[in-house]
Structures are given as structure tokens and as C-alpha cells.
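Across the two complexes that follow, subunit A remains constant while its partner is subunit B and subsequently subunit C.
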Partner chain A sequence: MASQTGTTTIPNRRQPPRRLIKVLFSAFGNRYFLYTLSVVMFLTFWDLAAVQKILGNFLPRPIEVLSQLMSLNTEPLASKTLFEHLWASIHRVLIGWAIGVSIAVPLGIFMGLNPYVRAIVKPVFDLLKPMPPISWISLSILWFGLGEESKVFIIAIGSFVPCILNSYNGIRLIDPALYDAARMLGASRRQEIVEVGFFASAPAIFAGLQISLSIAWSCVLAAELVGSRSGMGFIIILGMNQSSPALIIAGMVVIAITACLISVGMDRLENIVCPWKRELPQ
Partner chain B sequence: MEEGTAAMKNAQAKIEFRNVSKTFIQKETQKVHVLNDINLSVYENEFLVILGPGQSGKTTLLRIAGGLERPSTGEVTLDGREITDPGPDRSMVFQTYSLFPWRTVLGNVEAGLRFKGVTRKKRREIAKKYIELVGLNGFETAFPHQLSGGMKQRVGIARAYANKPVVLLLDEPFGQLDAQTRMLMEKEIIRIWEEEKGTVVFVTNNIDEAIYLADRIVILEGKLPGKISGEYKVNLPRPREHTDIEFLKLRKEIFNSTELIL
Partner chain C sequence: MMAKRNTRGRILKLIPFISVAAFIISWQLIVELGVVPKMLLAAPLDVLRLFIDKLTQPHPDGALLYVHVLVSLEEAILGYFFALAIGIPLGLLMGWFHTIEGFARPIFEMIRPIPAVAWIPLTIFWFGIGLSGKVFIIWLSGIVPCVINSFVGVTLTNPTSVQMAKTYGASKWKIFCTICIPSALPMVFGALQMALAACWTTLVAAELIAANTGLGFLITMGRRLTMPDMVVLGMVLVGLTGFVIGVIIDAVEKKLLAGIRR
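On to the complex of A and B.
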């Protein structure tokens, strides 16, 4: 710039470094570059830590985890492939969650609509609410044995609490002005409940379904850690028993990816089911 | 301006408040006396504005006419029948819009007809007509959250009119709008009312809005319990000008005669 108007004999030596800084700056300003950098740095430090044995012999290198994941697909564990184990966990989650939700949502709605139901259900519910679902594991094994039932029970309990809370609050916190509007338009009590109660609480109920699904997912792992011959929790326990950290981390990665896919799927579903949701306060 | 009121007496009273008082009970024991001995007639095809400051019980008065509240004493009648419940013969437009967020513009405008059990085809036809009347063609499939405040209230007005009410009740409908939108909407409500006719009760705390809109203004006094402290007939031809000398004269008169800050 300055060199073009000034004398041409002196080359502008400052330009190349400036350009480099500019390129660096624009790279650091690019968020995808930063994302990549962050992941690469994480993997590098992990790999370094593994090679230097900072955590003893039980931190595998990332590449070992990857090859473990590959071999899980071909070599069955306890006569099941990776996908069969994953399916075993998902299957339990779906059944337990469905049972918990199908009791909790109607109960929460009735609690919100009817003061008598609330007076009867709420005190018991408030007692049970603070108990972590995992604390039920021992009892459920005594009651239902080591089979599927005890795992489904834990998951159902875990799904139950957030679901009933969200349904109840979803109904309770509806803006009374919406009921007024419906009544002024000539809605009967039944039409009021269907039009306002159902729709206005739908986003809150849906949020309850979402939260309970992620809790159900952690419950299934806890239940499988205690006593199981299949499922992702079993893979992790097997890794511990075989002193194979690569197997444990491979299991954790699969769990994380699945949970992530489930939550993305639920978000998509919510946009389809409640397209108006953004307008509701909070 | 009192002679105008006498002339109105000959017209048929649509809504009548007789000795209406209202006391709310708060927190089990505390009593709030909101309205005291209100006597008021609203005449057929009249645009009545109830003008009062905040905390004057004007919204409660309107809600009693709507049937959303029952008076503690006295009675309110519509065409001689006592009002006990909300009903589709009265429609209300709310300050906070109260549109159903899960319904599109069309779904909101149809709502009352749906409650009545009008067939899908018929109610679509009626709703389209009122959406056009309020100038929202092309927004039928929009959700309320996609609309501006003024447009939301247009939906509110269309929804109220689609039910073919005998009386339209508006509760500070433009209170949340900015000044420009507010003046535009005042013009619009007059245009719509002149097309649809019918009896209108409009509650506001804004003197200019009251004079711009009203056939008759009723003043509610500004401390609870609210009581009627004055009445003005507005004989100015429409469309009115906010800066018209007669307009300003009346504004000054109302402003001076009421000791309230409005």
C-alpha cells in the first residue's frame, strides 16, 4: 500500500509478517478451526498422558479405544455383539420409560387439575421425590430378582419423578388469561381442559419426557452394573473385570453417542409436536 | 355536554349495571373493595369508553359484564337477562392478547366457532372474512409468536368478532403497543366498528384514546373502590383529529374536571 505510492527502491519488508498475523487472526476467529483445534488438543494430551503413563497402566491410547470399538463389532462378548448389547440396554430403557411415563403423565395432569387428587398424591410424592432412583436398586433386586424386571423397575422409578413434576407444573402454571379467553369464546369446561389445558401444558410435559428419558438412560447403566449378562453397563463391568480400560472407554463412547442421538431426536420431535413452543414464557 | 346523555336515555339499554359492587377476598381474610354502587347503562350500537386510571376497578367492571366475575351485590343484565357466566354473546379483547399460542392466526380466529361446533368449512369461511376485515390476509398460517403486538391484537379483534357477539368488550386492548401503532389501531377499531356496528365497551386509561373513540365516556374515580364520577358525550364527527380544537377543548374539560392524573 504505502510502497506503491512511495519510492520503489525500498521493498516493504513489513508486509509478509503482517499478512501472516492476519491469516492467524482470521483462523483463530473461525469457530470451526477452534473446534477442530480443541478436539485435536484434547486427543493429543490424552495420548501423551497415556504414553507417559501418568495414570498408571490403565489409560489406553485413543487409537487403542478405536481398535477396541472395531473389534467389538466382530468379536462377540458373552455371545452378543456390540449392537446386541446396545439394543438390550435400549430395550430396557424403552419399556421402563414407557411404564413410568404412562403412569406419571396422567397422574401429574390430574394433580394439576383436581385439588383432591393433588392433596392425596402430593404428600407421598414429595416423600419419594428426593430419593435417587439408583438407591432403589438393592430393593428391586430383592423384589424382582436379577432378571429384566428389576432393571425395568429402576428405570420406571427414575422416569416417574421428573415426568409427574413437569406434567403437574405444566398444568398448574398455565396463564389463567388463556382460560378466560376460552371461556369468553364460549368453551365448555371440557373444551377448556382440552383446548387450553392440554395444549398449554404440552411443552412442559414434553420437557418432562425428555428429562426422564436421559435419567432412564443413566438408570439402565446403574442397573446393568449391578447384575447383568447383557447391555452397555455389562460391557463396562466386563472391562473392569478383565482389566481392559480400552473396553470401558469404548463402552462409554457408545453410551455417549447414543444419549446424544436420543436427545437430538427428542429436540426434533418437539419441534414437530409443539411448533409454537418458542412463544411460551420461560 | 350533559344534554347528549339525556337523548341517549331514549335508546334501548343493552347492558345495565344496577347497584353493582364488588369485593375481592384476598388471602382468606383481607377484603378489597373494588367497585362501589355502579349504575350504568350501555345503549345499543353505542361505543362506550370507560376511562379511569390504574386501580380504579375498570377492568373488574368489564369482567363482570363479560361474566368472568360475579358482582358481590347488585346485578348486571344483557337484554334484560342477568349475566352469570361468560357466553358467546359477548366477546372480549384482552390487554395481554391472550391468543392461543398453539393455534395459527386462522385457528385462533376460528376458536369460538369451533367451541360452538360450527362445521370446518363454514368456520373457515367466517374466519377468512374477519381475518380480511382486520387486514391480516396472508398471515392465516402464522403463529402468534411470529406477529408484532399490533398484529396480535388484530387477531384478538378478529377472534372476538368472528363469534358474532351482541356486545364487544375491550380491556385496554392497545395498552401494550407503542404510540404509533396505538394510534393506527385506534383508527382501525373505528373502521372495523363502522363496518360491523354493534355495541362496544372499551376500557382505557388514556384520555386521548377515549375522546378519539367514544360516543360517550364514563369516568371512573381513581381510588378503590371505583365509582362513576362523570360522563361525557362526544359529539365530534368521525374520523376525528387529535389536534382538532373541539377535541382539545373536550380533553381540557375532562382533564380539569377530574382530579385524577390520567
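On to the complex of A and C.
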């Protein structure tokens, strides 16, 4: 008798917590809930670590970083506000990248099309390729001094390699069936290149532009770390010299946001420029 | 016709050697004839001479050449192995278990866009300019391709195989171990090369800012002493070492993947 009532009442008592657990589990199944939770936990742990001084005095609290960001907007640093520093970096990246791309893409395309050009350029390129662009910093400072030219040179070198590789492979790895089809329809060599080769390799070339732009962004930071009076790299190194980690992290936040915007912007641009790109599993 | 094609092929085989030789000879001539002053660019022969000197003389920068190479290699390989050891399991787990993905992904996405170079000042504060700081920076730059590639590799698992395993009653963990990991392996091995390139680039950056031995330091020292031959020697060695490690990893990859790609 007693056991019977027990069996009937216990599930009733258990039901509300079970429902709660179910709700919690469905929340854990929800991706966006988890994302928010993770970010909140990250910030909390960061704050705790900063308050407990796990890393000594060199980890600021997130709030300090935020206030540092705010004050950077209004108080000029080395006679420039945050946006002027950001613009200085972006300006260098754009110039260097444009120079690198405008040499590398045509060269890569010619390498893909003409075996003689390939035979001449490829070995020299292979010789120079394994040197990281950052290792050119010293040479470029010797050549151009600490001014703008040396930074632009580094960025151009950094964006050169992925551009040339991608345009070369993009042209070389075109499905030969496309050429055959065009030739069968009576296309001349010029038409083959302009109307088939260009469009078929455009996604690969664009991917090269994308990669080289993000490499250019890290090159400009390295160049500015070594020696400059403006730019995001300068902000970071200033933070180091003033031993103000909040300034460093504020600079890193801006750098990360810019890098994100660059990659998102390039993705959008790609959809506009070459919408025929097939969805590649990547 | 045949003869023509043969001579063409022979010319195409010869041109690369001529091109490299021409590159080096013109480089030597440019410096010899004084088109570019010797203060700015070293001739290849000078670089060679310095290379031979540096094998036995620690003179201008305080260490023998092989010490620089070994120090750089140690930092790069430590950072690389930490990146592989943490990045690949993390990426694999993120690809299969939604909870782990939900927790790890936002943090990863927050840290990923920051170039490794930008971490250098903070790292100097946290770890000093010793080995651990450099290993940390190299680890940061190497972990990104590892996580991304293993994550994508798992998500690209053929859903038919997963469903078949489910029909036979395999547990989630078992499916992960027996189906997802093997099918992700080619992508994971792709990450090995990418991570290595990232690590090696970052190494130079880390040593440019703060070091007292290593190849990046050799380059910086060459600039400070206005010895372009030392700068070029450092660059050549960085390129050469990176190339050799790349070849080794390529060989390992081919051996390990022999059964998968067939």
C-alpha cells in the first residue's frame, strides 16, 4: 500500500525539476545561447584573473581596456587620435598591397600561360618564396630608412607571394575541358584566354587577393613595431614602452576588429565580383 | 616535328638553371660595379664568405651560426608541437560535439583575427624575452590553421557513413573515433604545412623584437651593425631551414597518408 502511493507520487514530485533540466538541455543545444555563455564566461574569467593578478600587474581588467579605448578616441596619442593611427596603417596596407598585387597577378597569369615565362620566373620565385616577408624588414630599413617606403616595401613583398601562387595555379589548374569546348566552338587563342581562362581562374585569383590582404595587415604591424611614429603597431609598442597593458590590449582589439572587417568585406566583394564561383568545401 | 618538340623541351629544362644563374650573377655584378653601394646590399660571394667565417667565429653577434639555427629551431618546433597537440584535438572535438563548439568557437573567433605579431608586446610583459614568450607567440600563430582544418575536416565527414554507424547502434563517441577522425585526416595533414609556415614566419617576427640569439636576431643585428651580408645570410638561412622542414613534413605526410589516399 505504502509502496504503491510512493510509486505514484514520486514521479509527480520529480516532474518540475525534470522539465527544468529539459529546458536547460535545450538551451545547451542552442548554439547562440552557448556562444553568449562562452563570451560571458571568457570575460568573467579574464576579469577574475586580472583582479587576482595571476599574470602580475600586466593584465588589465576588461573595463580598463574599454575606457582606454574611449579615451584613445578623444585624447590624441603622439598628436594623432585612434582613427588617424588606424588610417595610417590602412593607408600603408592599401598602397603596398596595390603595388604587390599589380605586379604579382599579371606575372602569375603569364607564368600559367607561357612555359618560357614560367621557366624563367619560377626558379627565382621559388628561391625567394620560403623567406618570410617579415625577414625582409631589416633589409628594407637599410634600403629605405624608417620612413613610409620601407613599410610599403614589406607589405608589397608580403602580398606578392600568395598572389603570384594563386594566379599561377588558378590559370594552370583550369579544367582543360573548358578550353577544349571553347576551341571546338572556334575560339582563337586570345578568346580562350580572355573569355575562358580569365573567368575560370578569377575565384582562385581573388582568393589570392584575400590571403595577401590579411598577410599585408600583419606585415604592416610588424613593420610598425620595428620603427614608426604612427599606426596601430606604434600604439602597441607605445603601450609596451609606457608599460601600459591596457593600451596594448586596446590596440589589439582595434586590430582584430579591422582584420575581421577586412575579411568580411573581401567575402562580400567576392560575391559581387565573381558570383559564378562554385561553393567550394572550405 | 618531333625534333622541334624535343629541342623545345630541352630549352625549357635548361632555362630554370640559366635563370637562377643569371639572377645570382647579376646580383653579384650590381654590387661589384657599384650600382648599389656595398653599405646597402651584399654580394653573394660576401655572404658566402661570412657564412664560412661564422661557422667558426662568434665575433660580431656573440654566437656561432649553428647556435642561432638551433635556438630558432628549438623555439619553432616547441611552439609547433604545442600548437598541434592542442589545436588538432580541439578542432576535431569542435567539429563533432556541438557543446564544445558552442563554448570554444566564440573565444577562438575573438582571438583568431589578431595577427600573432600583435601579441609580441603583451607576451614580453607576461613571459619576458626568454624561450617561453617566443614559444607562446609561435603557438598562437600555429594553432589557428590546426583548429580550422581539423574542424572543417570533421564537418565534411560523409553523412551517409555517420548515419550507417548510427543505424548499427554506434555511440556518439565511437562514431567520432572510428569515422570522423579518419575522414578528417587529410585535412588535418594539410594543416601541418600551413601551421609550419605560420610558425616559421612568426618566429622571425618574435626574434626581431626581442632576442639575443636566433636567426631573426642575426638579421636584426646585421641591420644594427649595418652589415648587409649578415642580414642576407640570416634571410637565406631562414628560407633554407624553413624549406628543409617543409620537405621533411611533406615526406612524413606522404608516408602517413599512403593508406588513405591510395
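Brief remarks follow.
As a working rule, the second predicted complex is superposed on the first by the 267 of 282 C-alpha atoms of A that agree within 3 Å, B and C clash if a C-alpha of one lies under 4 Å from a C-alpha of the other, contacts with A are read in each partner's own complex, and residues count from 1 in each chain.
FYI, a residue touches a chain if its C-beta (ideal position, glycine included) is under 8 Å from a C-beta of that chain, and two chains touch if they have at least 3 such contacts.
Predicted, not measured: the structure shown is a model, and the values here were computed from it.
Bringing the complexes onto one copy of subunit A puts subunit B beside subunit C with no clash.
By the touch criterion defined above, A:I99 lies against neither subunit B nor subunit C after alignment on the C-alpha atoms of chain A. Once the two complexes are laid over each other on the shared chain, residue contacts for A:I90 go to neither subunit B nor subunit C. More subunit A residues lie in contact with C than with the other chain of the pair subunit B and subunit C. Look at A:A182: by the touch rule set out above, it reaches subunit B but stays clear of subunit C. Using the contact criterion defined above for the overlaid structures, shared-chain residue A:I193 touches neither subunit B nor subunit C, since it reaches no partner. Across the superposed structures, the minimum distance from subunit B to subunit C, using CA atoms, reads 9 Å. Of the residues of subunit A, not a single one touches subunit B in one of the two structures and subunit C in the other. Chain contact summary for the complex, subunit A toward subunit B: residues 175, 177-178, 180-188, 191, 195-196, 199-200, 202, 274-276, 278-280. Interface of subunit A with subunit C (complex): residues 28-29, 31, 33-35, 37-39, 41-42, 55-56, 58-59, 115-116, 119-124, 127-139, 141-143, 217-218, 221-222, 225-226, 232-233, 236-237, 239-240, 243, 245, 248-249, 251-252, 255-257, 259-260, 263, 281-282. If you check the complex, the residues on subunit C that touch subunit A are 12, 15-17, 19-20, 23, 39-41, 98-99, 101-107, 110-111, 113-122, 124-126, 152, 156, 200-201, 204-205, 208-209, 216, 219-220, 222-223, 226, 228, 231-232, 234-236, 238-240, 242-243, 246. Looking at the complex, you find that subunit B touches subunit A at residues 66, 68, 86-88, 90-92, 94, 96, 98-103, 111-112, 115-116, 143-145, 159, 163.
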